[in-house]
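Presented below are the structures under discussion, each in the form of C-alpha coordinates.
In what follows, chain A forms one complex with chain B and a second complex with chain C.
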Partner chain A sequence: MNKTQKVAWFQLIVIALAAIASVINSFLYMHKYGYSFTKAWWFGTIWPIIICVFLVVFATTFSKTFSKFYRKKGEILFDERDLLIQRQASRFGYAAAFVFFVASFIITSKVVGMDTLIPAYWLARFFLGGWLSMAVAHAITILVCYKFGLTNGKS
Partner chain B sequence: MAKVKFTNSIRRLRFENNEMSQQDLAGKAGCTRQTIIAIEQGKYNPSLALAFKIARAFGKSIEEVFCYSGESAE
Partner chain C sequence: MNKTQEQAWIMLFLAPFIVAISGGVFVWLFYLEGRLLMLAAFAAWCILLWILPYMFGKIPTKKSKILFDERDKLIQKRATLAGYLGFWWYIVTACIIPLWFVGPTGSITAILLPIILLGGIIMFSIIQNIATLIQYGWGGKNHE
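Right after this comes the complex of A and B.
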(Lines of atoms letter the chains of each structure in order from A and count residues from 1; the text may use other names and numbers.)
(Lines give C-alpha, C1' and ligand atoms only; values in the text may rest on other atoms or scores of the structure.)
Protein backbone atom coordinates (compact mmCIF):
# COMPACT_ATOMS: atom_id res chain seq x y z
CA MET A 1 0.00 0.00 0.00
CA ASN A 2 1.53 3.32 -1.02
CA LYS A 3 1.25 6.80 0.44
CA THR A 4 -1.77 7.85 -1.65
CA GLN A 5 -3.75 4.75 -0.64
CA LYS A 6 -2.92 5.27 3.04
CA VAL A 7 -4.12 8.88 2.86
CA ALA A 8 -7.32 7.74 1.09
CA TRP A 9 -8.04 5.13 3.81
CA PHE A 10 -7.28 7.75 6.47
CA GLN A 11 -9.76 10.16 4.83
CA LEU A 12 -12.52 7.55 4.67
CA ILE A 13 -11.98 6.40 8.28
CA VAL A 14 -11.91 9.98 9.62
CA ILE A 15 -15.07 10.91 7.68
CA ALA A 16 -16.85 7.76 8.89
CA LEU A 17 -15.86 8.46 12.51
CA ALA A 18 -16.98 12.09 12.14
CA ALA A 19 -20.36 10.90 10.80
CA ILE A 20 -20.81 8.50 13.74
CA ALA A 21 -19.71 11.18 16.25
CA SER A 22 -22.11 13.68 14.66
CA VAL A 23 -25.10 11.35 15.02
CA ILE A 24 -24.24 10.46 18.66
CA ASN A 25 -23.60 14.12 19.51
CA SER A 26 -26.90 15.22 17.95
CA PHE A 27 -28.86 12.60 19.89
CA LEU A 28 -27.17 13.73 23.09
CA TYR A 29 -28.14 17.36 22.45
CA MET A 30 -31.72 16.32 21.67
CA HIS A 31 -32.24 14.03 24.66
CA LYS A 32 -29.99 15.61 27.30
CA TYR A 33 -30.61 19.29 26.62
CA GLY A 34 -33.99 19.03 24.90
CA TYR A 35 -32.91 20.87 21.73
CA SER A 36 -35.05 20.70 18.62
CA PHE A 37 -33.84 18.41 15.81
CA THR A 38 -32.49 21.30 13.69
CA LYS A 39 -30.67 22.93 16.62
CA ALA A 40 -29.28 19.61 17.90
CA TRP A 41 -28.11 18.71 14.39
CA TRP A 42 -26.37 22.08 14.04
CA PHE A 43 -24.55 21.92 17.40
CA GLY A 44 -23.96 18.17 17.26
CA THR A 45 -22.29 18.05 13.88
CA ILE A 46 -20.24 21.22 13.83
CA TRP A 47 -17.25 20.07 15.94
CA PRO A 48 -16.90 16.56 14.45
CA ILE A 49 -16.99 18.08 10.95
CA ILE A 50 -14.47 20.82 11.78
CA ILE A 51 -12.07 18.24 13.32
CA CYS A 52 -12.61 15.96 10.31
CA VAL A 53 -11.84 18.78 7.84
CA PHE A 54 -8.71 19.70 9.80
CA LEU A 55 -7.42 16.10 9.92
CA VAL A 56 -8.12 15.37 6.25
CA VAL A 57 -6.55 18.63 5.04
CA PHE A 58 -3.57 18.10 7.38
CA ALA A 59 -3.00 14.50 6.16
CA THR A 60 -3.36 15.45 2.48
CA THR A 61 -1.06 18.45 2.76
CA PHE A 62 1.70 16.95 4.86
CA SER A 63 1.72 13.33 3.62
CA LYS A 64 4.46 14.21 1.11
CA THR A 65 6.61 15.69 3.89
CA PHE A 66 6.10 12.65 6.16
CA SER A 67 6.96 10.19 3.37
CA LYS A 68 10.45 11.73 3.07
CA PHE A 69 11.32 10.41 6.54
CA TYR A 70 10.85 6.72 5.76
CA ARG A 71 11.86 6.72 2.09
CA LYS A 72 14.82 4.54 1.22
CA LYS A 73 17.62 6.26 -0.68
CA GLY A 74 16.81 6.50 -4.40
CA GLU A 75 13.38 4.90 -3.98
CA ILE A 76 10.68 6.36 -6.22
CA LEU A 77 7.39 6.91 -4.42
CA PHE A 78 5.36 8.69 -7.12
CA ASP A 79 5.20 8.12 -10.86
CA GLU A 80 2.98 8.54 -13.93
CA ARG A 81 0.43 5.93 -12.76
CA ASP A 82 -0.03 7.69 -9.41
CA LEU A 83 -0.48 10.99 -11.25
CA LEU A 84 -3.14 9.50 -13.56
CA ILE A 85 -4.99 7.99 -10.60
CA GLN A 86 -4.91 11.30 -8.72
CA ARG A 87 -6.23 13.15 -11.79
CA GLN A 88 -9.03 10.62 -12.20
CA ALA A 89 -9.85 10.87 -8.49
CA SER A 90 -9.97 14.69 -8.73
CA ARG A 91 -12.40 14.47 -11.67
CA PHE A 92 -14.70 12.13 -9.73
CA GLY A 93 -14.38 14.32 -6.64
CA TYR A 94 -15.43 17.47 -8.49
CA ALA A 95 -18.27 15.56 -10.19
CA ALA A 96 -19.52 14.33 -6.79
CA ALA A 97 -19.39 17.85 -5.32
CA PHE A 98 -21.24 19.26 -8.38
CA VAL A 99 -23.95 16.58 -8.11
CA PHE A 100 -24.27 17.28 -4.36
CA PHE A 101 -24.69 21.04 -4.90
CA VAL A 102 -27.23 20.64 -7.72
CA ALA A 103 -29.18 18.00 -5.78
CA SER A 104 -29.18 19.99 -2.54
CA PHE A 105 -30.35 23.19 -4.28
CA ILE A 106 -33.13 21.36 -6.15
CA ILE A 107 -34.27 19.46 -3.03
CA THR A 108 -34.14 22.64 -0.89
CA SER A 109 -36.21 24.63 -3.40
CA LYS A 110 -38.74 21.78 -3.63
CA VAL A 111 -38.99 21.34 0.16
CA VAL A 112 -39.07 24.95 1.38
CA GLY A 113 -40.46 26.51 -1.79
CA MET A 114 -39.03 29.03 -4.24
CA ASP A 115 -40.18 32.17 -2.38
CA THR A 116 -38.97 31.22 1.11
CA LEU A 117 -35.85 32.56 2.80
CA ILE A 118 -33.48 30.01 4.27
CA PRO A 119 -31.18 30.49 7.31
CA ALA A 120 -27.66 31.64 6.41
CA TYR A 121 -26.02 28.69 8.21
CA TRP A 122 -27.52 26.35 5.58
CA LEU A 123 -24.95 27.73 3.15
CA ALA A 124 -22.14 26.55 5.44
CA ARG A 125 -23.87 23.17 5.54
CA PHE A 126 -24.07 23.02 1.74
CA PHE A 127 -20.41 23.92 1.48
CA LEU A 128 -19.30 21.31 4.05
CA GLY A 129 -21.57 18.69 2.46
CA GLY A 130 -20.09 19.39 -0.97
CA TRP A 131 -16.58 19.19 0.44
CA LEU A 132 -17.34 15.90 2.20
CA SER A 133 -18.86 14.45 -1.02
CA MET A 134 -15.72 15.46 -2.89
CA ALA A 135 -13.40 13.94 -0.24
CA VAL A 136 -15.34 10.64 -0.14
CA ALA A 137 -15.53 10.32 -3.95
CA HIS A 138 -11.84 11.23 -4.24
CA ALA A 139 -10.77 8.61 -1.67
CA ILE A 140 -13.00 5.85 -3.08
CA THR A 141 -11.79 6.50 -6.65
CA ILE A 142 -8.16 6.26 -5.51
CA LEU A 143 -8.78 2.94 -3.75
CA VAL A 144 -10.78 1.49 -6.68
CA CYS A 145 -8.19 2.57 -9.27
CA TYR A 146 -5.30 1.05 -7.31
CA LYS A 147 -7.27 -2.16 -6.74
CA PHE A 148 -8.75 -2.72 -10.20
CA GLY A 149 -6.54 -0.62 -12.48
CA LEU A 150 -7.02 2.45 -14.60
CA THR A 151 -9.05 2.72 -17.76
CA ASN A 152 -6.25 4.27 -19.84
CA GLY A 153 -5.34 2.37 -22.98
CA LYS A 154 -8.84 0.90 -23.13
CA SER A 155 -11.49 2.36 -25.38
CA MET B 1 -17.19 -1.73 -26.51
CA ALA B 2 -13.79 -2.70 -27.93
CA LYS B 3 -11.03 -3.27 -25.41
CA VAL B 4 -7.42 -2.73 -26.51
CA LYS B 5 -5.31 -5.70 -25.49
CA PHE B 6 -1.65 -5.32 -24.59
CA THR B 7 0.49 -8.14 -23.33
CA ASN B 8 4.05 -8.03 -22.04
CA SER B 9 6.94 -10.34 -21.23
CA ILE B 10 8.27 -8.44 -18.24
CA ARG B 11 7.94 -11.34 -15.79
CA ARG B 12 9.77 -13.76 -18.12
CA LEU B 13 12.48 -11.19 -18.92
CA ARG B 14 13.05 -10.49 -15.23
CA PHE B 15 13.76 -14.14 -14.58
CA GLU B 16 16.00 -14.37 -17.62
CA ASN B 17 17.98 -11.39 -16.28
CA ASN B 18 19.36 -13.03 -13.13
CA GLU B 19 15.92 -13.06 -11.48
CA MET B 20 15.79 -9.29 -11.38
CA SER B 21 13.44 -8.11 -8.65
CA GLN B 22 10.48 -5.81 -9.34
CA GLN B 23 12.16 -3.20 -7.15
CA ASP B 24 15.36 -3.32 -9.23
CA LEU B 25 13.41 -2.99 -12.47
CA ALA B 26 11.41 -0.12 -11.00
CA GLY B 27 14.64 1.64 -10.04
CA LYS B 28 16.08 1.21 -13.53
CA ALA B 29 12.87 2.30 -15.27
CA GLY B 30 12.22 5.22 -12.91
CA CYS B 31 8.83 4.15 -11.63
CA THR B 32 7.39 2.57 -8.47
CA ARG B 33 7.35 -1.16 -7.70
CA GLN B 34 3.53 -1.01 -7.62
CA THR B 35 3.52 0.21 -11.23
CA ILE B 36 5.70 -2.72 -12.34
CA ILE B 37 3.30 -5.11 -10.55
CA ALA B 38 0.30 -3.46 -12.24
CA ILE B 39 1.95 -3.67 -15.68
CA GLU B 40 2.83 -7.34 -15.17
CA GLN B 41 -0.75 -8.10 -14.15
CA GLY B 42 -2.15 -6.20 -17.14
CA LYS B 43 -3.90 -3.67 -14.90
CA TYR B 44 -1.98 -0.71 -16.31
CA ASN B 45 -0.70 0.16 -19.77
CA PRO B 46 2.44 2.30 -19.41
CA SER B 47 3.15 5.46 -21.35
CA LEU B 48 5.43 5.18 -24.37
CA ALA B 49 8.28 6.78 -22.40
CA LEU B 50 7.99 4.28 -19.55
CA ALA B 51 7.65 1.38 -22.00
CA PHE B 52 10.94 2.44 -23.65
CA LYS B 53 12.65 2.72 -20.24
CA ILE B 54 11.50 -0.77 -19.23
CA ALA B 55 12.66 -2.21 -22.57
CA ARG B 56 16.05 -0.51 -22.17
CA ALA B 57 16.40 -1.90 -18.65
CA PHE B 58 16.38 -5.36 -20.26
CA GLY B 59 18.50 -4.26 -23.24
CA LYS B 60 15.66 -5.16 -25.60
CA SER B 61 13.56 -3.31 -28.15
CA ILE B 62 10.09 -2.20 -27.10
CA GLU B 63 8.42 -4.83 -29.34
CA GLU B 64 10.30 -7.62 -27.60
CA VAL B 65 8.80 -6.59 -24.29
CA PHE B 66 5.35 -5.29 -25.20
CA CYS B 67 2.92 -6.78 -27.68
CA TYR B 68 -0.24 -5.25 -29.10
CA SER B 69 -2.69 -8.03 -29.80
CA GLY B 70 -5.52 -6.02 -31.34
CA GLU B 71 -8.94 -5.23 -30.00
CA SER B 72 -11.40 -7.61 -28.46
CA ALA B 73 -15.14 -6.93 -28.30
CA GLU B 74 -16.51 -6.49 -24.81
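Right after this comes the complex of A and C.
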Protein backbone atom coordinates (compact mmCIF):
# COMPACT_ATOMS: atom_id res chain seq x y z
CA MET A 1 0.00 0.00 0.00
CA ASN A 2 1.54 3.34 -1.02
CA LYS A 3 1.31 6.73 0.73
CA THR A 4 -1.60 8.03 -1.37
CA GLN A 5 -3.68 4.96 -0.48
CA LYS A 6 -2.84 5.28 3.22
CA VAL A 7 -3.91 8.95 3.21
CA ALA A 8 -7.14 8.02 1.35
CA TRP A 9 -7.96 5.31 3.93
CA PHE A 10 -7.19 7.72 6.78
CA GLN A 11 -9.45 10.41 5.29
CA LEU A 12 -12.33 7.95 4.76
CA ILE A 13 -12.02 6.60 8.32
CA VAL A 14 -11.90 10.14 9.81
CA ILE A 15 -14.98 11.21 7.83
CA ALA A 16 -16.88 8.04 8.83
CA LEU A 17 -15.97 8.57 12.51
CA ALA A 18 -17.05 12.24 12.27
CA ALA A 19 -20.39 11.15 10.77
CA ILE A 20 -20.93 8.63 13.61
CA ALA A 21 -19.92 11.21 16.27
CA SER A 22 -22.31 13.75 14.69
CA VAL A 23 -25.24 11.33 14.87
CA ILE A 24 -24.48 10.40 18.51
CA ASN A 25 -23.99 14.08 19.48
CA SER A 26 -27.23 15.17 17.80
CA PHE A 27 -29.11 12.30 19.48
CA LEU A 28 -27.72 13.34 22.90
CA TYR A 29 -28.66 17.00 22.37
CA MET A 30 -32.20 15.98 21.37
CA HIS A 31 -32.93 13.47 24.11
CA LYS A 32 -30.81 14.69 27.04
CA TYR A 33 -31.23 18.46 26.66
CA GLY A 34 -34.53 18.55 24.73
CA TYR A 35 -33.25 20.55 21.73
CA SER A 36 -35.26 20.66 18.49
CA PHE A 37 -33.96 18.51 15.60
CA THR A 38 -32.50 21.48 13.63
CA LYS A 39 -30.77 22.95 16.69
CA ALA A 40 -29.47 19.55 17.87
CA TRP A 41 -28.15 18.78 14.38
CA TRP A 42 -26.40 22.15 14.20
CA PHE A 43 -24.73 21.84 17.64
CA GLY A 44 -24.09 18.12 17.25
CA THR A 45 -22.31 18.31 13.92
CA ILE A 46 -20.21 21.46 14.29
CA TRP A 47 -17.34 20.05 16.41
CA PRO A 48 -16.98 16.67 14.67
CA ILE A 49 -16.91 18.49 11.29
CA ILE A 50 -14.27 21.02 12.44
CA ILE A 51 -12.05 18.22 13.85
CA CYS A 52 -12.63 16.16 10.68
CA VAL A 53 -11.65 19.07 8.36
CA PHE A 54 -8.54 19.72 10.46
CA LEU A 55 -7.47 16.04 10.40
CA VAL A 56 -8.14 15.55 6.67
CA VAL A 57 -6.21 18.72 5.73
CA PHE A 58 -3.45 17.86 8.24
CA ALA A 59 -3.09 14.30 6.84
CA THR A 60 -2.69 15.55 3.25
CA THR A 61 -0.22 18.32 4.15
CA PHE A 62 1.78 16.12 6.54
CA SER A 63 2.03 13.30 4.01
CA LYS A 64 3.24 15.65 1.23
CA THR A 65 5.79 17.40 3.47
CA PHE A 66 7.01 14.16 5.04
CA SER A 67 7.54 12.44 1.68
CA LYS A 68 9.42 15.51 0.37
CA PHE A 69 11.95 15.68 3.21
CA TYR A 70 12.31 12.04 4.29
CA ARG A 71 12.75 10.27 0.99
CA LYS A 72 15.26 7.46 0.60
CA LYS A 73 17.90 7.99 -2.06
CA GLY A 74 16.66 6.85 -5.48
CA GLU A 75 13.17 6.06 -4.17
CA ILE A 76 10.38 6.91 -6.60
CA LEU A 77 7.26 7.89 -4.71
CA PHE A 78 5.15 9.29 -7.53
CA ASP A 79 5.16 8.24 -11.20
CA GLU A 80 2.96 8.94 -14.26
CA ARG A 81 0.40 6.35 -13.24
CA ASP A 82 0.01 7.94 -9.79
CA LEU A 83 -0.38 11.33 -11.46
CA LEU A 84 -3.13 9.93 -13.72
CA ILE A 85 -4.92 8.43 -10.72
CA GLN A 86 -4.60 11.71 -8.80
CA ARG A 87 -6.09 13.66 -11.72
CA GLN A 88 -8.94 11.19 -12.12
CA ALA A 89 -9.62 11.38 -8.36
CA SER A 90 -9.61 15.20 -8.53
CA ARG A 91 -12.10 15.13 -11.41
CA PHE A 92 -14.43 12.76 -9.55
CA GLY A 93 -14.06 14.80 -6.35
CA TYR A 94 -14.98 18.08 -8.03
CA ALA A 95 -17.83 16.35 -9.91
CA ALA A 96 -19.21 15.07 -6.58
CA ALA A 97 -19.04 18.60 -5.12
CA PHE A 98 -20.76 19.93 -8.27
CA VAL A 99 -23.60 17.41 -7.91
CA PHE A 100 -23.88 18.16 -4.16
CA PHE A 101 -24.14 21.92 -4.73
CA VAL A 102 -26.70 21.57 -7.54
CA ALA A 103 -28.84 19.11 -5.54
CA SER A 104 -28.65 20.94 -2.19
CA PHE A 105 -29.31 24.41 -3.66
CA ILE A 106 -32.30 23.23 -5.72
CA ILE A 107 -33.79 21.05 -2.96
CA THR A 108 -33.38 23.77 -0.28
CA SER A 109 -34.93 26.53 -2.41
CA LYS A 110 -37.81 24.18 -3.31
CA VAL A 111 -38.47 22.97 0.25
CA VAL A 112 -38.34 26.33 2.06
CA GLY A 113 -39.84 28.36 -0.82
CA MET A 114 -38.18 31.01 -2.99
CA ASP A 115 -39.26 34.06 -0.95
CA THR A 116 -38.44 32.62 2.49
CA LEU A 117 -35.59 34.00 4.57
CA ILE A 118 -32.99 31.42 5.53
CA PRO A 119 -30.17 31.82 8.11
CA ALA A 120 -26.92 32.97 6.49
CA TYR A 121 -24.90 30.28 8.28
CA TRP A 122 -26.59 27.70 6.02
CA LEU A 123 -24.17 28.89 3.34
CA ALA A 124 -21.30 27.68 5.53
CA ARG A 125 -23.08 24.32 5.85
CA PHE A 126 -23.42 24.04 2.05
CA PHE A 127 -19.75 24.86 1.64
CA LEU A 128 -18.70 22.27 4.26
CA GLY A 129 -21.03 19.66 2.73
CA GLY A 130 -19.55 20.27 -0.72
CA TRP A 131 -16.04 20.00 0.64
CA LEU A 132 -16.84 16.75 2.49
CA SER A 133 -18.48 15.16 -0.58
CA MET A 134 -15.39 16.14 -2.59
CA ALA A 135 -13.05 14.57 0.01
CA VAL A 136 -15.10 11.33 0.13
CA ALA A 137 -15.31 10.99 -3.68
CA HIS A 138 -11.58 11.78 -4.01
CA ALA A 139 -10.58 9.14 -1.43
CA ILE A 140 -12.93 6.47 -2.83
CA THR A 141 -11.71 7.05 -6.42
CA ILE A 142 -8.08 6.68 -5.30
CA LEU A 143 -8.88 3.43 -3.49
CA VAL A 144 -10.90 2.07 -6.44
CA CYS A 145 -8.13 2.96 -8.92
CA TYR A 146 -5.54 1.18 -6.74
CA LYS A 147 -8.03 -1.68 -6.20
CA PHE A 148 -8.35 -0.94 -2.43
CA GLY A 149 -4.64 -1.65 -1.83
CA LEU A 150 -5.13 -5.39 -2.40
CA THR A 151 -2.68 -5.46 -5.32
CA ASN A 152 -0.08 -3.45 -3.39
CA GLY A 153 -0.44 -0.54 -5.80
CA LYS A 154 0.35 -2.68 -8.86
CA SER A 155 -2.12 -3.41 -11.65
CA MET B 1 -9.99 24.36 -36.52
CA ASN B 2 -11.38 21.01 -35.39
CA LYS B 3 -14.86 20.17 -34.13
CA THR B 4 -14.05 20.54 -30.41
CA GLN B 5 -12.61 24.02 -31.01
CA GLU B 6 -15.63 25.08 -33.04
CA GLN B 7 -17.92 23.82 -30.28
CA ALA B 8 -15.80 25.63 -27.65
CA TRP B 9 -16.00 28.95 -29.55
CA ILE B 10 -19.76 28.60 -30.07
CA MET B 11 -20.40 27.56 -26.47
CA LEU B 12 -18.16 30.31 -25.06
CA PHE B 13 -20.56 32.92 -26.42
CA LEU B 14 -23.81 30.96 -26.39
CA ALA B 15 -23.67 29.04 -23.08
CA PRO B 16 -23.97 32.08 -20.73
CA PHE B 17 -27.05 33.28 -22.65
CA ILE B 18 -28.59 29.78 -22.85
CA VAL B 19 -28.13 29.14 -19.10
CA ALA B 20 -29.26 32.65 -18.06
CA ILE B 21 -32.34 32.68 -20.34
CA SER B 22 -33.43 29.11 -19.52
CA GLY B 23 -32.87 29.76 -15.78
CA GLY B 24 -34.99 32.91 -16.00
CA VAL B 25 -37.72 31.02 -17.87
CA PHE B 26 -37.79 28.28 -15.19
CA VAL B 27 -38.11 30.84 -12.37
CA TRP B 28 -40.83 32.66 -14.34
CA LEU B 29 -42.70 29.36 -14.94
CA PHE B 30 -42.42 28.55 -11.24
CA TYR B 31 -44.06 31.84 -10.23
CA LEU B 32 -46.74 31.89 -12.94
CA GLU B 33 -47.65 28.25 -13.58
CA GLY B 34 -46.47 26.42 -10.48
CA ARG B 35 -43.91 23.80 -9.57
CA LEU B 36 -45.18 20.94 -11.78
CA LEU B 37 -44.93 22.77 -15.12
CA MET B 38 -41.54 24.16 -14.16
CA LEU B 39 -40.24 20.64 -13.39
CA ALA B 40 -41.72 19.32 -16.67
CA ALA B 41 -40.03 22.14 -18.62
CA PHE B 42 -36.74 21.47 -16.81
CA ALA B 43 -36.93 17.73 -17.62
CA ALA B 44 -37.73 18.48 -21.30
CA TRP B 45 -34.81 20.91 -21.45
CA CYS B 46 -32.40 18.32 -19.95
CA ILE B 47 -33.54 15.63 -22.42
CA LEU B 48 -33.10 18.09 -25.32
CA LEU B 49 -29.57 19.01 -24.17
CA TRP B 50 -28.74 15.31 -23.85
CA ILE B 51 -30.11 14.34 -27.29
CA LEU B 52 -28.87 17.32 -29.37
CA PRO B 53 -25.12 16.50 -29.33
CA TYR B 54 -25.90 12.92 -30.47
CA MET B 55 -28.06 14.25 -33.31
CA PHE B 56 -25.33 16.62 -34.49
CA GLY B 57 -22.76 13.84 -34.15
CA LYS B 58 -24.74 11.69 -36.63
CA ILE B 59 -24.53 14.34 -39.39
CA PRO B 60 -21.76 13.22 -41.78
CA THR B 61 -18.88 15.67 -42.37
CA LYS B 62 -16.33 15.66 -45.20
CA LYS B 63 -13.54 17.42 -43.28
CA SER B 64 -11.75 14.42 -41.77
CA LYS B 65 -12.52 10.87 -40.77
CA ILE B 66 -10.99 11.04 -37.29
CA LEU B 67 -12.87 13.59 -35.22
CA PHE B 68 -11.68 12.70 -31.73
CA ASP B 69 -8.37 11.12 -30.72
CA GLU B 70 -6.42 10.57 -27.46
CA ARG B 71 -5.07 14.12 -27.44
CA ASP B 72 -8.57 15.59 -27.78
CA LYS B 73 -9.72 13.33 -24.95
CA LEU B 74 -6.87 14.56 -22.72
CA ILE B 75 -7.65 18.18 -23.58
CA GLN B 76 -11.31 17.62 -22.79
CA LYS B 77 -10.46 16.01 -19.44
CA ARG B 78 -8.14 18.88 -18.47
CA ALA B 79 -10.71 21.48 -19.57
CA THR B 80 -13.40 19.77 -17.48
CA LEU B 81 -11.09 19.77 -14.44
CA ALA B 82 -10.38 23.48 -14.99
CA GLY B 83 -14.15 24.10 -15.23
CA TYR B 84 -14.78 22.23 -11.96
CA LEU B 85 -11.98 24.21 -10.25
CA GLY B 86 -13.53 27.48 -11.44
CA PHE B 87 -16.97 26.36 -10.26
CA TRP B 88 -15.57 25.36 -6.86
CA TRP B 89 -13.81 28.70 -6.22
CA TYR B 90 -16.85 30.61 -7.46
CA ILE B 91 -19.16 28.73 -5.04
CA VAL B 92 -16.71 29.22 -2.13
CA THR B 93 -16.60 32.97 -2.85
CA ALA B 94 -20.37 33.17 -3.38
CA CYS B 95 -20.97 31.42 -0.03
CA ILE B 96 -18.43 33.47 1.96
CA ILE B 97 -19.29 37.00 0.66
CA PRO B 98 -23.01 37.05 1.76
CA LEU B 99 -22.00 35.42 5.07
CA TRP B 100 -19.37 38.15 5.54
CA PHE B 101 -21.83 40.97 4.81
CA VAL B 102 -24.89 39.84 6.79
CA GLY B 103 -22.97 37.99 9.54
CA PRO B 104 -23.64 34.47 10.85
CA THR B 105 -26.81 35.58 12.68
CA GLY B 106 -28.23 37.39 9.62
CA SER B 107 -30.63 36.06 6.98
CA ILE B 108 -30.66 35.74 3.19
CA THR B 109 -33.53 35.01 0.79
CA ALA B 110 -33.72 31.48 -0.58
CA ILE B 111 -33.88 32.78 -4.17
CA LEU B 112 -30.18 33.62 -3.80
CA LEU B 113 -29.36 29.88 -3.98
CA PRO B 114 -30.60 29.23 -7.56
CA ILE B 115 -29.02 32.55 -8.62
CA ILE B 116 -25.65 31.44 -7.18
CA LEU B 117 -26.10 28.07 -8.94
CA LEU B 118 -26.86 29.66 -12.33
CA GLY B 119 -23.77 31.86 -11.98
CA GLY B 120 -21.73 28.77 -11.11
CA ILE B 121 -22.91 26.85 -14.18
CA ILE B 122 -22.14 29.85 -16.42
CA MET B 123 -18.69 30.14 -14.79
CA PHE B 124 -18.07 26.39 -15.32
CA SER B 125 -19.02 26.62 -18.98
CA ILE B 126 -16.91 29.75 -19.68
CA ILE B 127 -13.79 28.36 -17.95
CA GLN B 128 -14.14 24.93 -19.60
CA ASN B 129 -14.41 26.47 -23.07
CA ILE B 130 -11.55 28.95 -22.49
CA ALA B 131 -9.35 26.07 -21.20
CA THR B 132 -10.20 24.04 -24.34
CA LEU B 133 -9.28 26.96 -26.61
CA ILE B 134 -6.04 27.73 -24.71
CA GLN B 135 -4.91 24.10 -25.02
CA TYR B 136 -5.55 24.15 -28.78
CA GLY B 137 -3.70 27.52 -29.05
CA TRP B 138 -6.95 29.46 -29.77
CA GLY B 139 -7.24 27.70 -33.16
CA GLY B 140 -4.38 29.74 -34.64
CA LYS B 141 -2.06 26.76 -35.14
CA ASN B 142 -4.67 24.67 -36.92
CA HIS B 143 -4.71 22.35 -33.85
CA GLU B 144 -1.14 21.11 -34.40
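In the analysis below, the second predicted complex is superposed on the first by the 141 of 155 C-alpha atoms of A that agree within 3 Å, B and C clash if a C-alpha of one lies under 4 Å from a C-alpha of the other, contacts with A are read in each partner's own complex, and residues count from 1 in each chain.
Note that in this section a residue touches a chain if its C-beta (ideal position, glycine included) is under 8 Å from a C-beta of that chain, and two chains touch if they have at least 3 such contacts.
Bear in mind that the values here come from a model prediction, so they are computed numbers and not experimental data.
Touch criterion met: A:Ser90 reaches chain C, while chain B stays clear of it.
Counting the residues of chain A that each partner touches, chain B and chain C differ, and the larger count belongs to C. In the superposed model, A:Asp79 lies in contact with chain B only, and not with chain C. When the two complexes are overlaid on their common chain A, residue A:Lys110 makes contact with chain C while staying clear of chain B.
Contacts of A:Tyr121 after superposition on the shared chain: chain C is touched, whereas chain B is not.
Of the two partner chains placed by the overlay, only chain B lies in contact with A:Asn2; chain C stays clear of it.
Once the two complexes are overlaid on chain A, none of the chain A residues touched by chain B in the first is touched by chain C in the second.
Listing the residues of chain C that touch chain A in their complex gives 27, 30-31, 35, 77, 80-81, 84-85, 87-88, 91-92, 95-96, 98-99, 102-111, 113-114, 116-117, 120, 124.
Listed in rising order, the residues of chain A touching chain C in the complex are 87, 90-91, 94-95, 97-98, 101-102, 105-106, 108-110, 112-121, 123-124, 126-127, 130, 134.
For chain B in complex with chain A, the touching residues are 1-4, 6, 26-27, 30-32, 34-35, 38, 41-47, 50, 71.
Put simply, chain A touches chain B in their complex at residues 2, 74-82, 146, 148-150, 152-155.
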